[in-house]
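Take a look at this one; I'll ask things after.
Residue numbering begins at 1 within each chain, and the chains themselves are lettered A, B and C in the order written.
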Amino acid sequence: MSKLKTNRLIDSAFKYVGIACTLFGLAMLGIFIGDILIKGLMRIDWDFITSLPSRKASKAGILTAWTGTAWILGLTSIIAIPLGISAGIYLEEYGKKSRLASLIEVNIANLAGIPSIIYGLLGLEIFVRVLNFGGSLIAGALTLSLLILPIIIVGTREAIKAVPTSLREASYGLGATKWQTIWHQVLPAASGGILTGIILALSRAIGETAPLIVIGALAYVPFVAHSPFDEFTVLPMQIFNWVSRPQHEFLVNGAAAIIILLLITFVMNGIALYLRNKWQKKIKW
Amino acid sequence: MKNIIETKDVNVFYDTNHVLKDITMDIKEHSVTAFIGPSGCGKSTFIRCLNRMNDYIESFSMKGQVLIDGKDIYKKKVRVEELRQKVGMVFQKPNPFPKSIFENVAYGLHIQGETDKQLIAERVEKSLHRSALWKEVKDILHKSALSLSGGQQQRLCIARTLAVKPSVILMDEPASALDPISTAKIEELILELKQHYTIVIVTHNMQQASRISDRTAFFYMGDLIEYDKTKDIFTNPKKKETENYISGRFG
Amino acid sequence: MKLKRTAEKVIESGLALSGLITLLTTLGIIWVLVTESIGFFSEVSIVDFLFDTQWTPLFTQKHYGILPLLSGTFLTTSIAILVAVPLGVIIAVYLSEYAPYKFRITVKPLLELLAAVPTVVYGFFALTVVTPFLQSFIPGVSTFNALSAGLVMGIMIIPMISSLSEDALQALPKSLREASFGMGATRFQTAFKVAVPAASSGIIVSVILAIARAIGETMVVAMAAGQQPQLTLDPREGVETITAYIVQVSLGDVPHGSLAYKTIFAAGITLFAFTFLLNNISYWLKKKYQEKYE
């Protein structure tokens, strides 16, 4: 029976290996956040938030960066949310067995795996050159919208899938049309899940850097954008720019900007997580 | 015949939910003992206490003693793996591994570290003979177990259990997912196996209990209401609840 | 009633149109990459592109061999995978097969937070924390190096592997584990002889997707691995990946239509080909495996 002893030893040994690996992952997250807080927290003050960029690190602020991020967030929402939800509804409620729908489905799985920088190349040719938007907010928002569309579509589909058939049948039974059923019954019931997908997608969009570099978003923009056709920068671009400079003071600026960016990202993810938990409880009738 | 399983004042809780109350019973060697009762009466929980299959349920807690061959299996130093090799289990739905038929039966030997191929092959064949499956599968041993029919899969699961040479086999509604013909085969098999093993079976089906078991225990709402020779339970129950259940007045 | 029916038709077409946009996106990507690459290959022979060992489109002495960029991508991706696969799979198995329920549902979202951190932040971490740390005990580590970028990328994709693999393990029927426990197997034996093989296609899918992600990752490598396209497998040295090269060109003032401009599309189509292949393999595997359990 010594074989059993060895097996039991391996069994409990793996338990500790598993805990160690899991804690390693969490520790990295901790070190990460701790390091950035130490480097950047002292730099954050009201001036840092409300100042334009500057060649002097101590005077530079993130005003153009966070307003750019806000613009991008707004424009991307306007473009991507209606498109994503519509496509999700089509695939789940209408196109189930059609050839077009299955083609779109394979295609979405593929799009979700295409590196973001490739979307940048698409945006550069189509939005910047062909449509002649230049490196403007609208070009950036369009590019990011295409990037996050698959996430919204998949989220919408899953949320709709979770709505019980009995709800649909009840509506049809009262003589409602398909669209009436979707609009009055299915979408409200699925809204929590759809919203979760949207928030996660938008949080992805505001963290992206690579596609915006490719479409020519500038790292140094000395004014706040006033229209979608203005040039822009966003927080990740500003961080990238500051971190790329040799002076230590700019690194500190970078860390401070990272704190702001992480705060936004984590808050959005937290909301998404909260909504998901709440919604999952509700759907289990 | 001696008692191979004895339980003393077994109480089981899921969190604060008291699901089994003071269960004390003896089970004799080389016999078939059936547990009957309505859904939720605790019979499945109780059978799973006999080889500690409830260990992985986090809300589970137990008081009392379960003795197998006179030894308390809930003592700290007991190796639960060793216990389960001795007290095997067959489940409600056939649950073959997504491996070949041969590998399914050989699995128990593999995990014990057996490497002798000759011995493994012999044991696999013998187990499949005993579970009356050999004739049907001898030419397709290396096909996936999932390709078998439900009834065959369940007999494969029995063969898999036999291959580790248990002395007790626990069966938790082994025929509930099967058609009548497959059920009949399983019942026949249980009567065969009785010569070599002690069998405890949970069943919903009272005819089944009366056909195959020597003794029957009736559970209701977490209590062991009555436990006696099967013949007596079905012809001359002593408790009102048993009589009501047997005659189909509830459950 | 007729009006209602027309309205329904209009709505359906509108919705289908939104779905078509995703198809147009793919076609657009392929069209853009192909047309610009055709321009590139009309000036540079494909033999040079595939076999020349130098990549110097921005220098006076120009070479257009993709191999240094490929080796840079391969090196950083390999390091990332070496970190992420063992850690990710072990975490998945631990969380699914060992950990108490409460621990699992607390830790999983925390780990997924690792995947939500913007990649520019990982780049910062690699450059300012991991590289100095590596330099403190490994001689010869440059300021920009493949090792640091690869390691950090590995940490970044751990949650992809652990989360998807854990989902695959959790999707297995409970009865499978019970059968194994019921025969006296330990949790370790049950996990690695029954659960992991049964969930293997799901685990493989997660690894393939993670590889695709690492190949396409841009900011970490652009910030921490450097911009020196060289054919080396020494992780202490700086390398340039395909993605980092595209960033490098985008940051400069390369005029539209020039050969240097077209290089980023030739690099892009190479990157696209690899990720497209990996995505399709994983999609196909996933479909096959769904059928098995439904």
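Quick note on the criterion: contacts are C-beta pairs under 8 Å (C-beta built on N, C-alpha and C of every residue); 3 or more make two chains touch, one makes a residue touch a chain.
In this text, all values refer to a predicted model and were calculated from it rather than measured experimentally.
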item: Most heavily contacting chain pair (counted by C-beta pairs in contact); value: A-C
item: Label of the chain whose CA centroid is most distant from the centroid of subunit C; value: B
item: Centre-to-centre distance between subunit C and subunit A (centres being mean Cα positions), rounded to whole Å; value: 16
item: Whole-Å gap separating subunit B and subunit C, where each centre is the average of the chain's CA atoms; value: 48
item: Whole-Å separation of chain centres (CA-atom averages), subunit A against subunit B; value: 52
item: Touching two or more other chains - residues of subunit A; value: 7-8
item: Touching two or more other chains - residue numbers and ranges from subunit C; value: 186, 189
item: Shared interface positions of subunit B, touching two or more other chains; value: 81-82, 111-112
item: Complex interface listing, subunit A residues touching subunit B; value: 1, 3-4, 6-8
item: Touch list for subunit A against partner subunit C, complex; value: 7-8, 10-11, 14-15, 17-19, 21-22, 24-26, 28-29, 31-32, 35-36, 39, 82-84, 86-87, 89-91, 94-95, 100-101, 103-104, 106-122, 124-126, 129, 146, 149-150, 153, 177-179, 200, 203-204, 206-210, 213-214, 216, 236, 239-240, 243-244, 251, 254-255, 258, 261-262, 265-266, 269, 273
item: Subunit B - residues contacting subunit A, complex; value: 79, 81-82, 111-113
item: Subunit B - residues contacting subunit C, complex; value: 51, 53, 56, 58, 81-85, 88-93, 95-99, 107-108, 110-112, 157, 160-161, 164
item: Subunit C residues within the subunit A interface of the complex; value: 4, 7-8, 11-12, 14-23, 25-26, 28-29, 32-33, 36, 87, 90-91, 93-95, 98-99, 107, 109-111, 113-114, 116-121, 123-125, 127-129, 155, 158-159, 162, 186-189, 191, 209, 212-213, 215-219, 222-223, 243, 246-247, 250-251, 256, 264-265, 268, 271-272, 275-276, 278-280, 282-283
